[in-house]
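Chains here go by letter, A, B, C, D and E, matching the order in which they are written, and residues are numbered from 1 within each.
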Amino acid sequence: MQKIGVFVCWCGSNIAATVDVQAVSDALAKEPGVVFSTNYQYMCSQAGQDMIQDTIKEYGLTGVVVCSCSPRMHEATFRKTCEKAGLNPYMVEIANIREQCSWIHKDKETGTEKAIILGRAAIAKVHLNAPLTAGQSPVTKRALVIGGGIAGIQTALDIAEAGFPVDIVETKPTIGGKMTQIDKTFPTLDCAACILTPKMVDAAQNENINILSYSEVESVKGFVGNFTVTIRRKARYVDETKCTGCGLCTEKCPQKKVPNEFNLGLDNRRAIYIPFAQAVPKVATIDPNYCTMLKTGKCGVCSKVCTAGAIDYKQQDELIEREYGAIVAATGFNPISMDKFDEFAYSQSPDVVTSLEFERLMNAAGPTGGTLLRPSDGTHPHTLVFVQCVGSRCDGGEKGKPYCSKICCMYTAKHAMLTREKYPDTDVYVFYIDVRTPGKNFDEFYRRAVEEYGVHYIKGMVGKVVPENGKLKVQASDLLGGQQLHIDADMVVLAAAIEPDKSARPLATMLTASMDTNDFFTEAHPKLRPVESPTAGVFLSGACQGPKDIPDTVAQAGAAAAKVIGLLSKDQLTCNPCVANSNELMCNGCSACEKVCPYGAITYIDKDFRGPNRTTLRRRVAQVNPAVCQGCGACTVACPSGAMDLKGFSNAQIMAEVDAICK
Amino acid sequence: MQVNQEFKPTIVAFCCNWCSYAGADLSGTNRLQYPANVKIIRIPCSCRLNPMFILRAFQRGADGVILCGCHPGDCHYTTGNYYARRRMTLLFSMLDFLGIERERTRVEWVSAAEGAKFAATMNEFVETVTKLGENKRLEDLRCKS
Amino acid sequence: MQELIKAKAVELLENGVCDRVLGWKAGEFFYDVTPAVFRSREEIEKDFVFGPFCGANMSKYLIAESRKEGKIAAFLKPCDTYSFQQLQKEHRIRRENVYAVGVQCEGMCDIDAMKAAGIKGILGADGDGGTLTVHTLYGDKSVERKTVLAERCKCCKSKKLLGCDEIIGGQGEELESNRFAQVEKLEAMTPDERFAFWRGELSRCIRCNACRNVCPACSCEKCVFDNPASGVENKAAANSFEENLFHVIRAFHVAGRCTDCGECSRVCPQHIPLHLLNRKFIKDINELYGDYQAGADMDTRPPLVNFQTDDPEPSVVHERGSEQ
Amino acid sequence: MKKCPVSQLDALFASVAARQKLYIPAGEAKTAAFQPWQEGMKLTDALNTVRSAKDLFFPQVENLVNFKVTGKQIEIIENRDPSEPFVVFGVRACDCRSFDILDKVFLCDPVDTYYKTRRENGVIMTLACTEPEETCFCTAFGIDPTDPAGDVSCWMDGENLYLRANTEKGETLLSELPMLSDGDAPAADKTVFDRLPLKNLPLDKFGGEHMMELFKYEKWAGLAESCLGCGACTFVCPTCQCYDIREFNTGDEIKRFRCWDSCMYSDFTLMSAGQPRPTQLERFRQRFMHKLVYYPSTHDGEFGCVGCGRCLQKCPISMNIVKVAKTLGEETT
Amino acid sequence: MRQDPLIPMLAVVTDIRQDTPDVKTFRVVGLDGKKPLIHIPGQCAMLSIPGVGEALFSITSSPTNEEYLEFSIKKCGCVTDWLHAMEPGQQVTLRGPYGNGFPVDTDFAGKDLVFVAGGIGLAPLRSVINYVRHFRDRYGSVDIVYGSRSKADLVDYQEILDEWCKEDGISVHLTIDNPQPDWDGHVGFVPNYVKELGFDTGKTVIMCGPPIMIKFTLAGLMEQGFPRDNIYTTLELRMKCALGRCGRCNIGDKFVCKDGPVFRLDQLDQLPDEY
């Protein structure tokens, strides 16, 4: 018989407002095995924790039930509290009477009644709890960063600085990501390349960083501290170790009509190419979709001109397998496709461009050499219309995204400002729903655009853009002026919403990391654990977790790195003790459990058992490796004899909860 | 069908720790209301749900049982909910085969971000079970005195 | 057939292929044969029989017998061989300790079917062909063999002998079978009708455990229903809930592993059509996840420890139901 | 002796049922059972029911007592299943004899009041056999199936049901039935019983004096080897009375109940300290030793079997008391 | 409430004494504070905690104790675990007494008695020993051989030292399996010690202990020439009803709960060895 203490938390008024905490602690005091029951304003406060510890000692408690907020919030806290008082931390159960009771009910009577039942269920469970001791597993002291944009680079640099080896896997031929395509950065207007390329070089030169460009993660196995990752190194048909990046091949390649993705298809590149001058690694890559040699077997120009002999048409994809202790997802974002927004005539006129395309058109290294020219006729535009929130903040429907893409207001202000600065003869209109500028020096920046640079900010949505006689007829409403506007524009720039990179979803599946409905990675806790995924050992960096600007990204990248460093600096990890275990006396050895185990934690041995009349029976029985088992419980249901059970969530415990709830 | 105003069904919701329990928390955080008849039991993964637990719940007086887990493909343990999906499909089909109201059992995938879906699902499920009335076909009268 | 098998049994024993033979022993009447282990020519010549009442699935015995020292020869009918393979798959039978002789089968008879045909006081029967002459306390009667076949044999799924060391009576083929007809009939009923049907059947259950103990798939070292720690243990069904619980959980535990040998229904003293529960699972599995026959092969994953990412959602049950 | 035309059987049943609950053997041959009589219910064609009449006096599950536990306090709450007067019609001679055997177990000191109440409440109307099955061997135990005992004995020919009260309870019952007239049953034709194949079951060597010899008999292993350890034989047996006492926690109360158990079950004698009957051999032997040796040893040679033949029909592997008796009987003669 | 032998009475545990690390002795009285039932030494009673289970225990106290019953119980299963965890004041249910008990007033009368006990096996014998002590003049000499794994495992050690050892005409022979620092008594297994002590073969032997002890002690006694009809032991089997009906404790034509648990060796010889 356990001696159980019950501690009911008011959570200020969060619980106490809809749950009569006194009634709950009184009711639970009458439950079998409960020797102490009380309520307190903030159980998680130091005073509350002290109270729990004192009670454990005074009453010799063998079990503790805390009726409070979600166990996802403070289970760990209370476990630690009890451990300090000498009670096994797994003798603690939390009854969630805040998120799943007080916050969802308005009627105090109902809330109180439910809280008592939830408390009873927790008490019933604690009766069957057994002290558990966590095992240990070693940590592979190497990290994997998936994605080589600014987020990935910064994370890798920080981890490497702390002395741990780190691999960056980047699907493109070069690291750098979206930031390489950006011209200037807000609100300081310094050149993106100037601040990014040194970091890229740092990454390349850091002894602890190993860049696996033009590579993709193929599969992930294992668990925190012990991941095994298979990485596909795509064939680039150029020997990375030999290529000097001289670029001769990219000049001689006869296949000149390949849309240049670095410039978003605004110009062309060759079939063998280096994405841009500062690429890291600065190695040429053959695009197999366009290379005549690879497609027809005839050409071989690049091979002839390459003095280093780096060209290898026979190169194959290579799969490499590596061990990591931690994985950081930094898969970044993309602007959404404009297919569904043809009211802005994106598909009809080349002069309707997205903001990222506009970045390229303004960039000195871009297709126009930094001169703003209309893509259609190469003339200088005089009237520009910027449309905000294209695909952002769309509630419902399939057209856009429900969220705010966060960066558009600022980069549009930047674009408008830069346009007006370079070409004061232009008229610049910005149509917006709201202008959101919550950031250091952000609002000042925006106001400069309006006040100093004379950008016309108009609150209202653009209804339609119609290309007509070389002009773009923009129909819009001015909400403040209460009138319909018609503007004959030369160019229209769409602030396309951003969305997570398409590779994130399959990656999340491999990592068993959860995602939200928009395919952004879910953080373990939105406030308290913003850079960790709920899956232990998987961390989040940059826009894959949610829309971010560069400063936020870099900050989060550093935070993720700090978490990784914290993990890798441990020699041993404490395992989850809530693992499966097999009762050998009942095990049939049928292998059903082994088949459903996602971690390969179950093996079989032949073991001798005492049979009747002093005989020995040899039976095949399952054994669980507690360091590998993650405690999902799939095996417990696959097992027909019930030999397999899960510590901490045993059949008996769950059924006791069921009984208490249904009573 | 006439809805019995008095009848408040007992609903047991088994929620996987990683998605649906968090989703339930989120609906709390967002103060989304659903009836107090719903009581949640936390399990590590939807694949932990043994059919015995469901029958046990009905035996002890539950009128409806719902399992919530991560969306297929999003299981924290990679594949758990796929197994749960097969098991529950077959179990529910069997209960239906025995003539037990199929509407009393349900599986719903609720992610950690779907607080609203959780609340909506519970509201809807409670309504369905309330319409069905008391569980008579899978009851244990010993537990109802 | 009996003589061929007896000769083979003697041969295997005397050639040292095995040290014992699993077969059937004659009883008081012609129909009450008992599975038995024979150790000598004399025993075989005296008591070994094979006939239309050798219905027991011998694979169940091989679980224990194959763990003993020495090698046992077993005569297995087509249905037995499916169980035999399934049990090997689950590591329950040590194949190396078994010499399996496949025996072709014309379908087994059911003494209760004879009695249901109004024949009382049955003492014996003659005739190997289509018509049987039954000797009774009340004189001789004649009966068509096919009318007194066991229900399960009337819709035999396969005459294929799997994984045997040798075969007597020729290899057979998988058959077109309408074995799901009765399940379909039940599915077509309303839930209320189904509920009434199963209440009528299951309320007769006396929890003698014959269905469980005879079932080759129910070979657990310790059944959950015998284990006080399992939470479902019960010895006698106290009410309708426990009747349902036992049969649902038992069917669930053998789902995907049940070869549909029909032993559960054969042995039920109360004639509850328990095999329909198993068949329902088999039918669902076939329809939802693709055809699967437990025991048909040695390497496919059983459907309940397998999945496809695009498996139907559990709501399929609700949707299917609402089409009615 | 009284009689009643077979055509008026329904009226007779209705008349009995109007006074107290009436059970008659009804249903299809495969599933015949003693069922509460209802208008229009017909007697089964089967010779006997699947389960014996024992159920009505010693049900498979019955509540003993309830407990309520609050803190350190326990409250004992009466929870007997109610028992009211009833009549069971159509009990065969073999089943009727089983009550003699059960009575000796349950009514000896200290009396089992649950059983006793039902015995007192129940009126047994037996029915003589005319068409035995080949599995019948009650005659081997000295039972005359054509002249059954019970509170009221009945005979039926094509035209009439003849009734004879044997006890006061029987007298009272018959006196309350208006449709009865006087009449004697014609003499029974016993020739078919002489043709019963199992009538000469060798039972001379059984009983207490050969206990150890029979216990150690080596052929038990062969007899028991294919036993599945199920309880089919036990639960259809009219004389098996082993039971288990169990508890069910409803959450509010603890219900202590008794249910049938079988000595064939592997957990029957299992205890934390060990297992005195470790294999199916010991368990199988126990069942038959008890019926043929132990019980007679303490009950003046009366066997614990009535030859109803149910276990012959129901054993999944056709191993039964006849085969055991013959095998053991042969060897020791 | 209608009575039935299966319906228990209520009793309350008034005192719990920790005897050895795994044995506790429970003092039980009726709800009226009086001794709940009258018994013969060697008889048993069914104790239960509803919801946990019912189990048969031998009554350790002597019938001469007019105030209460005592049960010495070793922790070894579900019910005993619970009993060990409970606190005084706890109500339990009780029914009994069951079994035949020792023939203290017939066969033992006037005899020289040798008690041989091992471990918790002292529990049923303690009742007899204290009964014999109470009616000391009705019996001849009394020898008690008692052994355990260690000094700490000797049940009722204080009572043995304080009362039995100090009583005239009672010889107490204690032994433990392995030497330990604070033990100056005999060291060795019970069977060997019994042999060493070399009792007169005319004495009546009453034994209780683990099967292995019984087996070897018996072999020794046979060797020394003790007649089998002068050796008594008690059996323990699984029981549910304790009325000779449920069928579990059936050995041959005997039911341990009704016809036992005390058997003379020559009686046991007549029974199958299923115990």
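Here is the rule we use: a contact is a pair of C-beta atoms (placed from the backbone, for glycine too) under 8 Å apart; a residue touches a chain by one contact, two chains touch by 3 or more.
Predicted, not measured: the structure shown is a model, and the values here were computed from it.
Novice: Which chains lie in contact with each of chain A and chain E?
Specialist: The common neighbours are D.
Novice: Using only alpha carbons, which chain's centroid is the nearest to the whole structure's centroid?
Specialist: Checking distances from each chain centre to the full centroid gives B.
Novice: Could you please state the distance in Å, as a whole number, between where the Cα atoms of chain B are centred and where those of chain D are centred?
Specialist: The separation of the two C-alpha centroids amounts to 46 Å.
Novice: For chain A and chain D, let me know how many angstrom lie between their CA-based centres, rounded off.
Specialist: Between these chains, centre-to-centre, one finds 71 Å.
Novice: Nearest whole angstrom, what separates the Cα centre of chain A from the Cα centre of chain B?
Specialist: Taking the average C-alpha coordinate of chain A and of chain B, the gap between them is 29 Å.
Novice: I'd like to verify one number: the distance from the centre of chain B to the centre of chain E, where each centre is the average of its C-alpha atoms, in whole angstrom.
Specialist: Result: the chain centres lie 54 Å from each other.
Novice: Could you list which residues of chain E touch at least two other chains?
Specialist: 78
Novice: Would you give the residues of chain B that are in contact with at least 2 other chains, written as numbers and ranges?
Specialist: Where chain B meets two or more other chains at a single residue, that happens at 51-52, 56, 60, 73, 79, 83, 87, 142-143.
Novice: Can you pull out the residues of chain D that are in contact with at least two other chains?
Specialist: Expected reply: 69, 244, 248, 251-252, 261.
Novice: Determine which chains touch and list them pairwise.
Specialist: Touching chain pairs, listed by label, come out as A-B, A-C, A-D, A-E, B-C, B-D, C-D, D-E.
Novice: Looking at the complex, which residues from chain B come into contact with chain A?
Specialist: Touching chain A from chain B are residues 10, 12, 17-19, 21-22, 24-29, 31-34, 36, 39-45, 47-53, 56-57, 60-62, 70, 73-80, 83, 87, 111-114, 119, 143.
Novice: Per the contact definition, I'd like the list of chain A residues that touch chain B in the complex.
Specialist: Residues in contact with chain B: 70-72, 96, 98-101, 103-106, 110-111, 113-114, 117-118, 121, 508-509, 512, 514-517, 522, 534-535, 578, 596, 598, 630-634, 636-638, 646, 649, 651, 654-655, 657-659, 661-663.
Novice: Where on chain E is chain D touching in the complex?
Specialist: So the residues of chain E touching chain D come out as 1-8, 10, 49-51, 53-54, 76-78, 87, 89-93, 236-238, 240-241, 243, 245-248, 250-253, 270, 272, 274-275.
Novice: Taking the complex as given, what residues does chain A use to touch chain C?
Specialist: Those residues of chain A that touch chain C are 585-592, 595-596, 604, 617-620, 638, 640-643, 651-652, 655.
Novice: Using the touch definition from the top, list the residues of chain D that touch chain B in their complex.
Specialist: Per the touch definition, chain D meets chain B at residues 248, 250-253, 255.
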